[in-house]
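Both complexes shown next keep chain A, but they swap its partner, so chain B is in the first and chain C is in the second.
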Partner chain A sequence: MKQFGLFFRKEMLEMGRSYRWLWVPLVFLMLGVMQPIVTRFMPEILKAAGNMPKGMTIMMEMPSGAEVLAQTLGQYNAIGILILVLSLMTMISGERQSGVSQMIFSKPVSFVSYAAAKWMSMISLITASFGLGYAGAWYYTVQMIGPVDTAAAVKAALFYLLWMWFAGSLTLLFSSLMNPAAGIAFVSLGAALLLSLAYGMLPRYMAWSPGALPQISAKVLLQGSGGTGTMGALLITILFMIIFFVGAVYMTQRKRARF
Partner chain B sequence: MTQPLLQVKGLTKRFKDRTVVRDVAFSIAEGSCAALLGPNGAGKTTTISMLAGLLQPTSGSIQLLDQSKPVTDRRMFIGYLPQMPVFYPWMTGREFLRYAAELAGLAGRDAVLKTDEWLENVGLQHAASRRIGGYSGGMKQRLGLAQALIHRPKLLILDEPVSALDPAGRKDVLNLLQRIRLETTVLFSTHVLHDAEEICDEILMIREGEIALQGKLDQIRREYSEPVIRIEVGGDPVSLKWMASISSKAFVRQAEITGNRARLTVTDVEKASFELMADAVSHQVAFRKFESGQSTLEDLFLKVVQA
Partner chain C sequence: MNTDIPWDLIAPLIVIWLILAVVGLISLSRTESTRGPKWLWVVIIVCGNILGSVLYFVVGRKDVS
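Moving on to the complex of A and B:
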């Protein structure tokens, strides 16, 4: 337990000194704020573009607040996940690759504490970044578009947050499995994308898949409930995160250093 | 003082189809300093990584004894410095040392005190607040030594501690080791024989993953050293002709002659040197160098390695 605290403090310090605590939340904030603002000013933007044929009028119905917030989540699914994977991919492999791990693991350290600290800092970074971005999106949506049901917004955010945690866990697992950063990024992004695509194509068979979480969270916003598979998807995702964690502990212990 | 601290039996490591370390067995007595010698690629780093607990042996056992009883997690009692120590470049020297101390189990206040003590011991107190990214190779090596020793380990394991350093850095580290070995048992690997002779009292020579020779340094010297005469003469034809003829003398057991230099393994140094000198005077040979003595550890090393 004492070692967990040590490892965790070190991770936080590293994330601070490498400015990850600055740029990841900022990118998330930007992504979140952009959607409501762009939606609100779309008619003006089109008008200003000026290459519209004369006499043409566009009728645009302003979407509801809930719709805009759901679109914001769509933004996170593309760029947000990419940013997360890129900022987390070398968390375990980097130390093994550089050789610091040789010095760390020759000390009487616990591999569970080591991996748990990595997990905890991953979850902290994701929660803070997504929380900030989502809060920004919500605020601007309410200001510029229209009201959003508070309970639905919070519930949707929690579902989405779980999806991001899942993607982060996946990245850390691959980081413990292999060394090349590009490989880790490619496989983690690919797996997350595939899961979400598979749900889009076969919603009936993949209803309990973690890939369903982004859709569930959008449904919560638009229809007030996530549908029948919600509970299953929730449990399966948490189960997988636990499996990934155990796998990463085992792999860090097996591949203590690069030889 | 002579009870064993580390006992290794049948240590073997296979990587896929290659056996890098084969059936290595040795023990290190408490308070001694042992050098693991071998040419590059002999399996030194692999052996050391297994001792430090970074690599799982394919078979064999490694036991560290504390009060004659084997311990369960030997990492508590070991300080390890890898071949090329790498740190977090974004940490300062003091931060890393304190981190290492706390990982090794020192409590908060104790860790701070020990950190300052060791920064001073290795002469890094002035660079302590600088980021490690800006340290030189020698400074990193000294910081590495400090992190290995901060929890007062019973056994210090070093992998090629001085091979990558310039002469000044080498001397610093060797001086530190001289001091440390008075308090701690040391095992270090090297391919620089001179370093081994300077600080160690026990040697283990390994070749192609197997122990080729092991024992106390002075004992090995006594057992294996042979009387040797080294001669260098001038480049004139008379001297060179004389050089070519000396290998046929009765007291010469083995001769290596290259141009105007010769290295003779002889049966009796005194007799040989008298006869050689008398012979040289009568032939009017111009000596540049005449040295009689014992074969060095390096000669033995080359013999073992090339056998």
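Moving on to the complex of A and C:
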């Protein structure tokens, strides 16, 4: 436990020094704020863009607050996950390559507390960033577009947060599995994308897959409930996160000395 | 064309961009070496909007360890 605290503080320091505590939350905030603004001013933007034939009128209904918030979550699914994977990809592999982990593991330290500290700092970065971004999106949506049901918004945020945690755990696992940063980013992004695509194409067979979580949170916002399979997806996701964590611990142990 | 730009709404975005760009430039001036020439990163951060700064933080910095 003492070791965990030590490692955790080291991870936090490292994330601060590499400016991750600065740019990841800011980019998330920007993504969150942008969607309500763009939606609100869409008619003006189209008018200003100017290549509309004369006399053509676009009937555009202003979407409801919940719809805009759901669209924001869609933004996070595209760019947010990319930002997340990019910021986390070298967490384990980077230390292995620079020789830091060899130095650490020459002492009797536990691999579990080492990996757990990485995992916890990853979770806190994701939670803070997403929390900030979602709060910004929520505030702007309520101010500019319309009210959102508080309970639904919080519930949707929690489901989405779980999906981001899942993507983060996946990245950490691949970071412990291999060294090239580009490879880690590519595989983790691909896996996350594939999972949510698979749910989009085969919603019946993938109802319990972690890839269903983004859709579930959108459904919570728009319809008030996540539908059947919510509980299953929740449990499976948590189970997979535990498996990924155990895998990351095992792989750090096995690959500690090899390059 | 006279469209009213709602500056009070866009201000937070500009502030975010400014913070990222300024911190990026400060960190750039402090590090000894980056991936690729330094002047190029200055151009990218200044002209590349938010994406430029993010790009610098992700790939430009050499993590000193």
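Assume the second predicted complex is superposed on the first by the 258 of 259 C-alpha atoms of A that agree within 3 Å, B and C clash if a C-alpha of one lies under 4 Å from a C-alpha of the other, contacts with A are read in each partner's own complex, and residues count from 1 in each chain.
Just so we're on the same page, contacts are C-beta pairs under 8 Å (C-beta built on N, C-alpha and C of every residue); 3 or more make two chains touch, one makes a residue touch a chain.
Just so it is clear, the model here is predicted, and its values are computed rather than measured.
**Student:** Once the structures are superposed on A, label A:Val100 by its partner contacts, choosing first (chain B), second (chain C), both or neither.
**Tutor:** A:Val100 contacts both chain B and chain C.
**Student:** Check the residue A:Thr150 against both partner chains and state whether it touches chain B (first), chain C (second), both, or neither.
**Tutor:** neither
**Student:** In the superposed arrangement, which partner chain does A:Ser225 touch: chain B (first), chain C (second), both, or neither?
**Tutor:** neither
**Student:** After superposition on the shared chain, which partner residues are touched by A:Val109: those of chain B (first), chain C (second), both, or neither?
**Tutor:** A:Val109: touches chain B, not chain C.
**Student:** Quick one: classify A:Glu44 as touching chain B (first), chain C (second), both or neither.
**Tutor:** A:Glu44 sits against chain C, while chain B stays out of touch.
**Student:** Quick check for you: in the superposed arrangement, does A:Leu6 touch first (chain B), second (chain C), both or neither?
**Tutor:** First partner only, chain B.
**Student:** Once the structures are superposed on A, label A:Arg256 by its partner contacts, choosing first (chain B), second (chain C), both or neither.
**Tutor:** A:Arg256: touches chain B, not chain C.
**Student:** Is A:Ser18 touching anything from chain B or chain C once the two structures are fitted on A? First, second, both or neither.
**Tutor:** Both chain B and chain C are touched by A:Ser18.
**Student:** Using the superposition on chain A as set up above, list the residues of chain A that contact both chain B and chain C.
**Tutor:** 18, 98-100
**Student:** Mind listing the chain A positions that touch chain C in their complex?
**Tutor:** These residues of chain A touch chain C: 18-20, 22-23, 26-27, 29-30, 33-34, 37, 41, 44, 47-48, 83, 86-87, 90, 94-95, 98-100, 136, 144.
**Student:** If you look only at chain C, which of its residues touch chain A in the complex?
**Tutor:** Where chain C meets chain A, its residues are 1, 3, 6, 9-10, 12-13, 16-17, 19-20, 23, 27, 50, 53-54, 57-58, 61, 63, 65.
**Student:** Which residues of chain B touch chain A in their complex?
**Tutor:** 15, 46, 49, 52-56, 73, 75-76, 78, 80-82, 84-88, 90-91, 95, 99-100, 102-105, 144, 147, 151
**Student:** Which residues of chain A touch chain B in their complex?
**Tutor:** Residues of chain A touching chain B: 2-3, 6, 10, 13-14, 17-18, 98-100, 102-109, 254, 256-257, 259.
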